[in-house]
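Below is one structure, written out as structure tokens; the observations come after it.
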Amino acid sequence: MTTTVGARTMRALAKTRPEPGAELIERQVPTPGPGEVLLKMVAASICGTDYHLYSWDTWASEIVKPPVVLGHELAGVVAATGSGVTRVKEGDLVGVESHIVDWTCAQCRAGNMHNGLDPAIVALQEPMGNAVHAAFVEPIEGRSVAITGCGPIGLCSVGIARAAGASLVVATDTEPYRLQLAREMGADLALDARNPDTVRSVLDATGGDGVDAVLEMSGAGPALTQALEFVTRGGRISLLGIFPEPVSVDLSDMVIQRGIRLYGIYGRRIYDSWERTQALLRSGRFDPTPILTHRFDLADWERGFELIASRHAGKVVLIP
Amino acid sequence: MTTTVGARTMRALAKTRPEPGAELIERQVPTPGPGEVLLKMVAASICGTDYHLYSWDTWASEIVKPPVVLGHELAGVVAATGSGVTRVKEGDLVGVESHIVDWTCAQCRAGNMHNGLDPAIVALQEPMGNAVHAAFVEPIEGRSVAITGCGPIGLCSVGIARAAGASLVVATDTEPYRLQLAREMGADLALDARNPDTVRSVLDATGGDGVDAVLEMSGAGPALTQALEFVTRGGRISLLGIFPEPVSVDLSDMVIQRGIRLYGIYGRRIYDSWERTQALLRSGRFDPTPILTHRFDLADWERGFELIASRHAGKVVLIP
Amino acid sequence: MTTTVGARTMRALAKTRPEPGAELIERQVPTPGPGEVLLKMVAASICGTDYHLYSWDTWASEIVKPPVVLGHELAGVVAATGSGVTRVKEGDLVGVESHIVDWTCAQCRAGNMHNGLDPAIVALQEPMGNAVHAAFVEPIEGRSVAITGCGPIGLCSVGIARAAGASLVVATDTEPYRLQLAREMGADLALDARNPDTVRSVLDATGGDGVDAVLEMSGAGPALTQALEFVTRGGRISLLGIFPEPVSVDLSDMVIQRGIRLYGIYGRRIYDSWERTQALLRSGRFDPTPILTHRFDLADWERGFELIASRHAGKVVLIP
Amino acid sequence: MTTTVGARTMRALAKTRPEPGAELIERQVPTPGPGEVLLKMVAASICGTDYHLYSWDTWASEIVKPPVVLGHELAGVVAATGSGVTRVKEGDLVGVESHIVDWTCAQCRAGNMHNGLDPAIVALQEPMGNAVHAAFVEPIEGRSVAITGCGPIGLCSVGIARAAGASLVVATDTEPYRLQLAREMGADLALDARNPDTVRSVLDATGGDGVDAVLEMSGAGPALTQALEFVTRGGRISLLGIFPEPVSVDLSDMVIQRGIRLYGIYGRRIYDSWERTQALLRSGRFDPTPILTHRFDLADWERGFELIASRHAGKVVLIP
């Protein structure tokens, strides 16, 4: 690792100007201060947030002020540690938790347990954590579960639900490529949401009752409408996909009189759930490998963003 | 009780024609069949459903086919029992549970424990059960709670929340008469929802955080909007009031990113909760007496319906 | 089915005298009264309770007054129905729930869904229900679980835990034959409890932490001692095995200071859990077939009891 | 505060030698390092642990190596802050959390909210936290609760249970002085545990059912035996009192077949519960004042320890 610390510069994929696009730049390698850790990246996956910044849509342009370096789904090896760092040491492979809420350095706490895993899987810590949080707000063991929306978080949810003992796992999306990935992740049923029989098919698969739980990962109004129609009386819907605008909901008929519970899921982690996911990963019962559809050298980053735009990709991983 | 059974006819308040109004009629006293119980009414309170039938609004005219007898919030004394009835005996004071889901005759199970209570309170079993169900889907002990809507169920909720150890009980309504009743039921703060400072006042009362739980009892869109604004990040809203039409909800900003849980509450009972309410009633920590604002002889039923229309009543009880 | 109803007598395995043993007798075929159902048995499995009665130990001799007919783990086909029976009809295959708590005829409610299952599995409804109840008092999805005691209920628990998404399933017993069945039911690790390294092995398999949950199915003091040693700090133990006498427990060091939860599990069913097990059975994720080690004609009943005495059997099924 | 920081020495009650007793000594006032806070004590209450050290019993002599300064139930005013301290400032009144589990400085987080409370109540943070943790592992709103053992933590539990909406609060102890304090804290029933009718009285007060929850705060074998007898079928017992030796428990009859849940409660805090207690304190619904039976100048510390030995004290507070 000495040579890494000695290196003067490193590459970074950056948003340098307030317009569409990104740029590969050279940056100084920093020296870690007290309590800080210098990581040498080994894998970074492209998040939807990165894509928003790349395409510079309204949301991105309102929130972000260039220049910024892209990338927060990361696996790295500890290259140097500042004073006071005791939980990780040089050479440890760690994932990164970007929602830092206090000084406990959560990413470091979990660090050592990653050794031996594919770094691309380690980089997936954030979407896996989101999926786990959405799935586990209530037990899913022995329940029937539908996942609406098969982006990377939705696909992780399919695998988590399967590993966590769901009796039936249904996935819906409008993109056949993604539905195929859902099948590879263990969905018993992968349904094209544009098909007018979708709700009927879910009801049929559950003896007419509907599913016990829906994990809404699409942020699409029609998906929520379907979810409310095929969730069982007394069931629950976890809402994680971000809807671009307010949604009209028939609260009386579809929520209140059917005793439905709606959970707003925000990205912060519940460590207990995260530890259980680690246990499932280690045991081999949950394997996100099929989601990792593409790996490119960092220099080929633009191909990765184009693939995401085409919706013909699971997760795109960049190898520095 | 012999005389009761011997009586040939009884009075009944009935909806006889598909138009506004109601009528006091004479009916034959029935003989209880196997597993059935004949009750001699001692108190009946007017439910919102009764008022819908009386005023014959769209909802009522679509659901109900006259002739029907009004009234389902009832306290009665067992006057005769059919064969096979073992859980109650003549002379027992019982409340009635109108949502019969199986043969277990839930109303009778609870029957004996009512002896000694004011029959008007026994008649309140249904709205109290609704309030309990809405309140107890999550613990409220030590939490701050707001009740939006101070009809009889909302007023019961104020008292239940207070008795169940809420650290702060806020009530909102647009009718000062009802806010005064909320204060009598134990609200720490009773706020006119039309006041533009309402949300601000709730936030101030909770150190800026907002309340841990909202019990939505109004079915009014503006009340839900306020609830979403003054519920704390990570809090929950129980939805019981029926909204007359679909509601537009900003799911992303107000529900998902704030980690809110929405519970559709439908009227079925959780016996565990009901038994706890009985315990609170018996201990005197929950006392619905202030809600019972008016008692009339059955012959004066029309005054009761007029009072409800004026919104200057809590619960109106008719004494047969 | 007509011929069945027409039959005058039927065979029954009965405890006729207050001494060890049992006897195959002839009994009149009864006529079902109002609300009753006549079942023609197709499979009956021998329960531990039956074995207690057969061997006439202290427990049995204090509780039971002969003559009684043995057997309560039953699958049967509805042969005739009394008046008022609407939920099942002639020809339905049903399992039997012997803990009747009210008039809702729980066994019949579940009846129709058994059609198509192996009747021997239907007869297992009771031990499966026990296993489910013990397992699901807290979530087990993604948790590490140990089952101490691999009799039929313990073996069901192994399969349920595996199907319900446990990240690790450990089984312990003192009988190698049973440990082999545990492996067939999906245990990741099946350990001879007599081995002095047993606790060490469980700790090693969990990175030194111990298991999140123990399902105690043996009723053996040394098994509980091991359970308290290999359950993780903050973990839980479900107690279902009946201990023949009071047990000395180091509450302070092993329970209080380690934050352990102990759940006494009694046999009544939680229908929600039962329905989830049905769903797991239907989906094929839980398959109790390996537990059904022996099937005999009813006439050979004594061989079944001898096998149970030898502890070289899973579940013994008698076919009338 | 300048003068405080300027002071060269301060008094401290210390255990200086491995034998019974304690000693008031002079110590240098330290200078807070990075992330540290210097507190000027305003109140300190004597904990059972302090008494163990004072009397130098087996437990104390095995765990502690003199010299050590006594006292960990503390309220103090921030007198100086080290570099990097941002959450508190000079003049803030704070309580102290002695179970430090990470770097998040939990004691400081809660600091500001104490302003305005009696410092003696602030010093009670630890026993109140223990009581809350034991009480709130399951909801107690609307439940009947018994507290066995009326030392300071038990007395806090009585008040917490009362404030949190328990429908009935029973307290047991063997010391009439403490039972009187339990009544002042809101117990509906305070029973001398030596009375042979104690179990009978608790059953009578609950209509024969027994209490829904027991909070075991005594660490006395006979109290646990009574608890198992008067807890209702399906109820729960929180175990917090430390038993000096292993206890023989009839698991089969008293725990398993009655479906009882036993929770080992260890002292770590659940911040959610702690925040709810703060809310109850602020609202005035929980007021621990009656527990604070004695206040002495620090110089009179020995009288405090003698009072605790006599069991004729609630909490003894020393004012530096």
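Order of writing sets the chain letters: A, B, C and D. Residues in each chain are counted from 1.
The rule is simple: a residue touches a chain if its C-beta (ideal position, glycine included) is under 8 Å from a C-beta of that chain, and two chains touch if they have at least 3 such contacts.
In this text the structure is predicted, and so the values were computed from the model without any measurement.
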item	value
For chain A and chain D, chains touching each	B, C
Interface residue identity across copies chain A, chain C - same or different by half	same
A-B against B-D, pair bridged by the larger set of C-beta contacts	A-B
Where chain A and chain B are represented by their mean Cα positions, the distance between them in whole Å	44
Distance between chain centroids, defined by C-alpha means - chain B, chain D (Å)	41
Residues of chain D engaged with two or more neighbouring chains	none
Touch list for chain B against partner chain D, complex	136, 139-144, 163-168, 188, 273, 276-277, 279-280, 282-283, 285
Complex interface listing, chain C residues touching chain D	219, 224, 239-240, 242-244, 246-252, 255-266, 268
